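Have a look at this one.
Naming follows writing order (A, B and C), and every chain is counted from residue 1.
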Amino acid sequence: MDLTIFLQALITGILMAGIYALVGIGLTLIFGVVRIVNFAHGEFVMLGMYVTFWLWKLWGIDPYVSLLITMPVLFCFGVLVQRFLLQPILRAPDLAQIFMTVGISVILMNATLFLFTADFRSVKLAYSEWVWRVGGVSIPLTRLFAFLGAILLAGLLTLFLTKTDVGKALRAVAQDREVSMLLGINPERMYLLAVGLGAALAGAAGTLIVPFFYVFPTVGVVFGLIAFVVVILGTLGSIEGALLASLIVGVAESLGILFAGSDLGLVVVFAILVVTLVFRPSGLMGQR
Amino acid sequence: MSEILLDVQGLSKHFGGLQAVLDLSFQVRTGEILGVIGPNGSGKTTTFNLITGFYRPDRGHVRFAGQDTTGLRPYDVCARGLVRTFQVAKPFPAISVLRNAMMGTLLRHADPLVAEAKARDVLTLVGLEARAHMEAGSLTTIDQRRLEVARALGTEPRLLLLDETMAGLTLTEVSEAMRLIASLRERGLTVVVVEHVMRAVMNLSDRIVVLNQGTKIAEGKPAEIAANPEVIRAYLGAEYQRA
Amino acid sequence: MAESAATGQSDLAVRGKRVRGLERAIATVAILFVLILPWLLPNPFYVHIVIMMAIFVALGGAWNIIGGYGGQLSLGHAAFFGTGAYVSTLLVNAYNISPWITLWIGGVAALLLSLPIGVICFRLQGPYFTIATIGLAEALRLLVLHYREITNGAQGLTVPFKGNAPLLLQFDSKMPYYYIAVVLAAAVLLITRRMERSRLGHYLVAIGQNQDAAEAVGINSAKAKGQALALSAFLTGVAGVYYAQYTYVIHPDGAFGLGMSIQIALVAIVGGVGTILGPALGAIIMELFVQSTQILFAGQYPGLELMVYGGLLVTVILWRPRGVLPWFESWYRRLVGRAERVSGGTP
């Protein structure tokens, strides 16, 4: 096997890992703070993609610019979902919670199917085809920008969580809800923030990949599944874990595609899930 | 003299920086009532958890009825004949008292009809037969404790570990509980009792093991223990020991 | 529920008998209705609808064993459904084995598939099982699409048409299909009842109430859940085989798709999880919804149907987190209470 082909796959995997990290961080944040497993998370990504697509199609807005619009829109959407659909059932049995997010997922997927049809959409930009060639390996600029954008956003989130009071309050609620209440933190407001942020990050991930990914109603399913593997491998609730896990998943998927075939990438990801559950169910970041 | 039913050797367990149990060894003979006492935090419940498989020990062994049970899961330990109650009772709240007891008897009697009959017997033993159809979650604390014992007895154990069953009981209730435990011994059960209620432990136990900060500091007959300076110091502090 | 004997007071016993007599009368009427129903329907299309209802009663009931009683949410039951359908159809096509036999083989194949999932996931606490089932169904779907030399890929498989061939589970009228579907559905419900009263049924309740306490009295929780899953997978696989035989065609997206998994789970949750008749009620409601949206929109709008499913799910959760049947049951109990008072017993 040619070394360059292997390197190519490796680099593609690393670049994609940035996106997986962004989606995974959002999911793990929601779980860490609100303790709800969000089965609609992939659909947040899908929504981000559609918003970006239509902004470009109708008003010619460049996807990277539209981040400034999609993120707030998805943030608000997340807040609304938490306020009206999730908050009422926070004390309901787990079954109800899971099915609520599954129901939201089904509605979102099929609403877009209904409104926009199953057609695959794509965005064509001046720089869509630009490639950076480095020693035999070609790096499409759109993928590179997606990776850089994801890293930037992840970095901003980390700064937010560690340096701002609100961010610390969020982490406090994730660690111990009752003690945070004693400290005067309003957990319900933190839940809104967590879901809003999680949705915004997922939506941003969607925006960043639109330049090189087809947009269609069920595109979120794959991202949702990958996000779950990232979150489980990285340990539920751990952001550093999600970063590390996304790297592993991204590279493994890419290598899997190289060796097994382009339609079996997800099977490799599923295999990672199985291996994790068998050998290290608590994830890379260990005992909770 | 009777044989050794439970043999604990060199048991150790730490949680993060806290050494909860360190190099603990003791034995329980068939047919005896062994009391385990010690100040709060001395590792009594942790020891129970280690013996019954809820925690894995870092080091050490547990042998029950001649077989190594170290690291077995709780349900396997129970199947071998060693069963425990919980310090805070854990009933199955949304089902009836009778059905709770059945969950214990089903272990040895797979036919639910037989298990139900045996469950009635065991409820009568602890005095709960009148409440058989009440929802377990609505029982008083002491009745929940009775149910806990009944459920454990349903598994037809050889050794019963009782974790602070008498906490918060009135004097009459303590006497009742003592009578019940003594009657269990009549029926051939071996009992290990963790307790803070000194009157009960001193009167019931054939022998006592004293724990402090995760290690055994004394072992012997109740009278010996009561006079033991180490024990007094552990409970009351050094000043009292000198006195 | 452990059937407690009457306490011996004679009027209690008489009242109990009266209520039970009423229940038995309703049950008999219901059974007779089900038996003559297809003859009352105006055309085969309606018979098709009730056949689908019956198949989904079976599917929802099978899901209910692990999802309702076992408390473990599977969102990938299509994995077992599709396995049954594909294994059976492949064997029928390749070796001309009678589907009456492959019904069992498909079920066993699904059961075997469920074993590793159970072993891996049930020793863990958390959403892992749910996620693993989603992944399993997706992985199978992709594998079936990929190995198209064997499975014919996206084009799917067809059952070779043999006209009226009862020994090969093919009939030219819908009536036999209906009765077999009803037998299948009834079998699942009866098996559920049997399970509920067995040791496994009791153990699953204990595990659901307090797993630590259950383990302390000797209950191997992972093994119990694994048994429930195996039973559920087997029945789902059998239903999958039957579905393939009835519809003659299966595709990877339909057989292993998320939509099928959600539909199966929805039947139980809408009707009431952890109850015997919940899936029956759920399947009826669901199928009526499916058909009415199809009639209203004449299949013009893709996605509308599932959007309605999703909306239904969200609405049911917000309104009645435990499903429709428990609400119905408490209404029924109040009704029976009134009946007792009317017939002269003391309330």
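Operating definition for what follows: a residue touches a chain if its C-beta (ideal position, glycine included) is under 8 Å from a C-beta of that chain, and two chains touch if they have at least 3 such contacts.
Owing to the predicted nature of the structure, the values given are computational and were not obtained by experimental measurement.
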item	value
Of all other chains, the one whose Cα centre sits farthest from chain A	B
Most extensive contact between chains (C-beta pair count)	A-C
Between chain A and chain C, centroid-to-centroid distance (C-alpha), Å	33
Rounded Å distance, chain A centre to chain B centre (Cα mean)	49
Inter-chain centre distance, chain B versus chain C - centres from mean C-alpha coordinates, in Å	44
Residues of chain C defined as touching chain B within the complex	1-2, 4, 197-199, 202-203, 205-206, 209-210, 212-221
Chain C partner contacts - residues on chain A that touch it in the complex	37, 39, 85, 88-89, 92-96, 98-100, 102-114, 117-118, 217, 221, 225, 228-229, 232, 236, 261, 263-264, 266-267, 269-270, 273-274, 277-278, 281
Residues on chain C engaged by chain A in the complex (per definition of touch)	67, 71, 73, 75, 120-121, 124, 126-128, 130-132, 134-136, 138-139, 142-143, 145-146, 258, 262, 265, 269, 273, 301-307, 309-311, 313-314, 317-318, 321-322
Touching residues on chain B, where the partner in the complex is chain C	52, 54, 73-76, 78-79, 83-84, 86, 90-96, 98-99, 102-104, 106-107, 110-112, 115-116, 132-133, 151-152, 154-155
